[in-house]
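Below is one structure, written out as structure tokens; the observations come after it.
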Amino acid sequence: DHFPKLVVGGPENEFVQPAPLRVRLLCELIGTCLFIFFGAGCAAKGHDLLTVSLAHALVTVWLVYVFGPVSGGHFNAGATIAFAVNGKMKIVEIIGYLVSQAIGALIGGALLLALYGSDNTLGTPALSPGVTVWRGFLIEFICTTILSFVIFFTTSYNTQKEAALPIGLVVFSSFLLGADRDGSALNPWRWLGPAVFSHTYKSEAWIYTVGPIGGFLLGYVLFRIYKAIWNWNADNQFHRM
Amino acid sequence: DHFPKLVVGGPENEFVQPAPLRVRLLCELIGTCLFIFFGAGCAAKGHDLLTVSLAHALVTVWLVYVFGPVSGGHFNAGATIAFAVNGKMKIVEIIGYLVSQAIGALIGGALLLALYGSDNTLGTPALSPGVTVWRGFLIEFICTTILSFVIFFTTSYNTQKEAALPIGLVVFSSFLLGADRDGSALNPWRWLGPAVFSHTYKSEAWIYTVGPIGGFLLGYVLFRIYKAIWNWNADNQFHRM
Amino acid sequence: DHFPKLVVGGPENEFVQPAPLRVRLLCELIGTCLFIFFGAGCAAKGHDLLTVSLAHALVTVWLVYVFGPVSGGHFNAGATIAFAVNGKMKIVEIIGYLVSQAIGALIGGALLLALYGSDNTLGTPALSPGVTVWRGFLIEFICTTILSFVIFFTTSYNTQKEAALPIGLVVFSSFLLGADRDGSALNPWRWLGPAVFSHTYKSEAWIYTVGPIGGFLLGYVLFRIYKAIWNWNADNQFHRM
Amino acid sequence: DHFPKLVVGGPENEFVQPAPLRVRLLCELIGTCLFIFFGAGCAAKGHDLLTVSLAHALVTVWLVYVFGPVSGGHFNAGATIAFAVNGKMKIVEIIGYLVSQAIGALIGGALLLALYGSDNTLGTPALSPGVTVWRGFLIEFICTTILSFVIFFTTSYNTQKEAALPIGLVVFSSFLLGADRDGSALNPWRWLGPAVFSHTYKSEAWIYTVGPIGGFLLGYVLFRIYKAIWNWNADNQFHRM
């Protein structure tokens, strides 16, 4: 009944109890920090689309593989809010996750400032010339809707370790689609960390926060509908949704 | 005896029955839509061969990994027709799969139109200068023959989750060979969706529909011959083909 | 006691007996043909080092994953000769494997001729300007020595399906090192197929045949020495090598 | 109680005893040699960031996959020193690992000299123009701290074979961040081998030795703190750290 399923705990590997909340918060902090450090840290250097997309995708794979079994591997305000609406997180967990992620994002941004200096956008996502705000929003919104649906569905019948690769590959597909057009955040923290430390606030920045949170919520709603369609009129005795 | 093997159903993950047909059709619709959205969506931007090939290959990997255990992960009229000939799908399933895929392909094309506007080919496959229609057809036909054979053979002794990577890698090899020469569809829907919404019908477009369907059928025939050669003169009591 | 371990056979998937020799030869023919078709077919177009290296590496991964459980996944005269020296193949198997691979290589070369026409080298490996014959030979020889050692060692405690990824990645590392310097064959057939159909025989072509065969034999010898060092003075009752 | 967990030994695959120390030292020598041969061998040719990063990441994956189950797959003085501080290696093991790795690094450097000649830096890491020593050090130090933490954590609940991919992907992320700025070693031997044979000693070379060793030690300390936070106040009877 715990969320998420814990697979690390156990005396044989010296972790003598399931991960307590403090450890899960630490993992969310570390993971969000490193997603920004390695993802935005690559985008900050202006490399080509494939390089930037692989940077975000593969850091997602190893973060979810390593820390997912501990904290669920959100690293994303959108994911946490969607899981909160799902009703399996306590209030203290929800707030803890969001605060830890925010702190991690800020540490990630600060590390990038130390590495690249103040005359760099630190990989803050931004619209490319010719891309309208509406299309930028659409990319963020559609891609996170898909990502959210895949996360809810695939983790419902796979472990976090098994889900790490497909989730990372959805990130890959999404960045290939968007990174050269709207800069692709898919994650409010991915925008926040670099934006704070590079002082690059723009009026269209809402698309990197409202977009992913809205997308994750829609993805969750679609997943619930999907489950309801699946289980509707079940031929065994118990009906659920 | 069900086709395909269902591995998601089960009360412990809240899917209380094997995926009913309506859910499998939904998965085919979603998967075909996303293959076109992410695949053609990358090709539409004119990136290099490696980027476009990885875009199609890796979206295939995660689509088959996530939705394959539900619907078999066809997302391709060629695959569905070959499985239909194989005789394990009912008429209603065959029609349902094809209609769902067509709807998904059109939604995918429409999303790309929203993202890229009407002055874009939306990644519709087309022959590169200097590539003859015959050679374009040959690429589509040979590559889908190989893809079909690999799908039939590898899914006969692997789960969909295990088969996702090799199938995606066949797509990778095929796009590397063809994406810079005939645009590579390997899939009638991959041509249809973008073509309808970009109004780019060309006289050679048949190679992207006849080619893959013919290739998938030949791949299936070769697989049957392969199985017959394998089982011929079996030294245990029961002979089958 | 059979070589190689068969994992496909079994009535539940309609392969009612372990793969007979005729099927294993067919798999070697198909695999060698496709390695050349997709590998040389990419190299023939003059793409960058990363693209060409991934082309050869990932086709290796899926070929070994799909056909390795049937035939062992040699697709390489060097591998077959080394396994022959290892003493677990019968004379008829050795000859059959080599003949099948040669036929596959020629079919692969012929397909490339059909696709690219006669004014193309069809990806035949060749020394780049400034690379001496000695250094070209060294690349072929060292890389196949390493590949051979890894194949013998990793398949001794992994299935073919598990070994597919590391073996493909050794091919990746080797092509990254050599594809832009000596064209990298690592495999006599990879040279033969394209060379025959593009009529590009050069005096240094021996490095693509002698190099890989010599390397595979040295890799096998090193593996035997490695095993002897490992088992020497074993503290349990039975000593072997 | 043995370090590391041995999974290769066993009569069924002809390795009749757990890997003795001499074999583990041999694997460290081979692995360190090949990491430099393929990693620095690619960097020596001046390819783009993605190619160089994949070269180091994927050689790490297959080296850890193949040799990790035998020797633990250090191939890095930083890793060995951190594991030594961890207290599970004997003095003779520690010295043996370091000496074997050094010999392997020198053989790797010598092979590169044979392949590329004396007018090549052989991929010795160096600061790019405009990157300060402090920032170069920071990249080495932070990335190896993360790598060390991930190695200690992920190998505590995964086998070496399972850990090969995430560890290789951390190397990928790190090289993407650093390879175009400080040349990225993450490993004293990665600097030593090429530096000795290309005679490219520079005053800032300490960042490639002190950085990784310091980073691996800090990563280990952080892992101990992490484990202590996890196990603190455990609700079952036994407390450990």
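Remarks
Note that the chains take the letters A, B, C and D in the order they are written out, and that residue 1 is the start of every chain.
Definition applied: a contact is a pair of C-beta atoms (placed from the backbone, for glycine too) under 8 Å apart; a residue touches a chain by one contact, two chains touch by 3 or more.
In this text the structure is predicted, and so the values were computed from the model without any measurement.
Both copies, chain A and chain D, contribute mostly unmatched positions to the interface they share, with under half of the numbers common to the two.
Taking the mean of C-alpha positions as each chain's centre, the chain lying farthest from the centre of chain A is C.
Rounded to a whole number, the gap between the C-alpha centres of chain A and chain D is 29 angstrom. Rounded to a whole number, the gap between the C-alpha centres of chain B and chain D is 41 angstrom.
Listed for chain C are residues 48, 50, each touching two or more other chains. Across the complex, chain A meets chain D through its residues 7-8, 10-11, 13-17, 19-20, 22-23, 26, 34, 37-38, 41-42, 45, 47-48, 50-51, 54-55, 58-59, 61-62, 65-66, 69, 111, 114-115, 161. Contact residues of chain C toward chain D in the complex are 48-50, 135, 138-139, 142, 146, 150, 153-154, 156-157, 162, 165-166, 169-170, 172-174, 176-177, 180, 226-227, 229-231, 234-236, 238-240.
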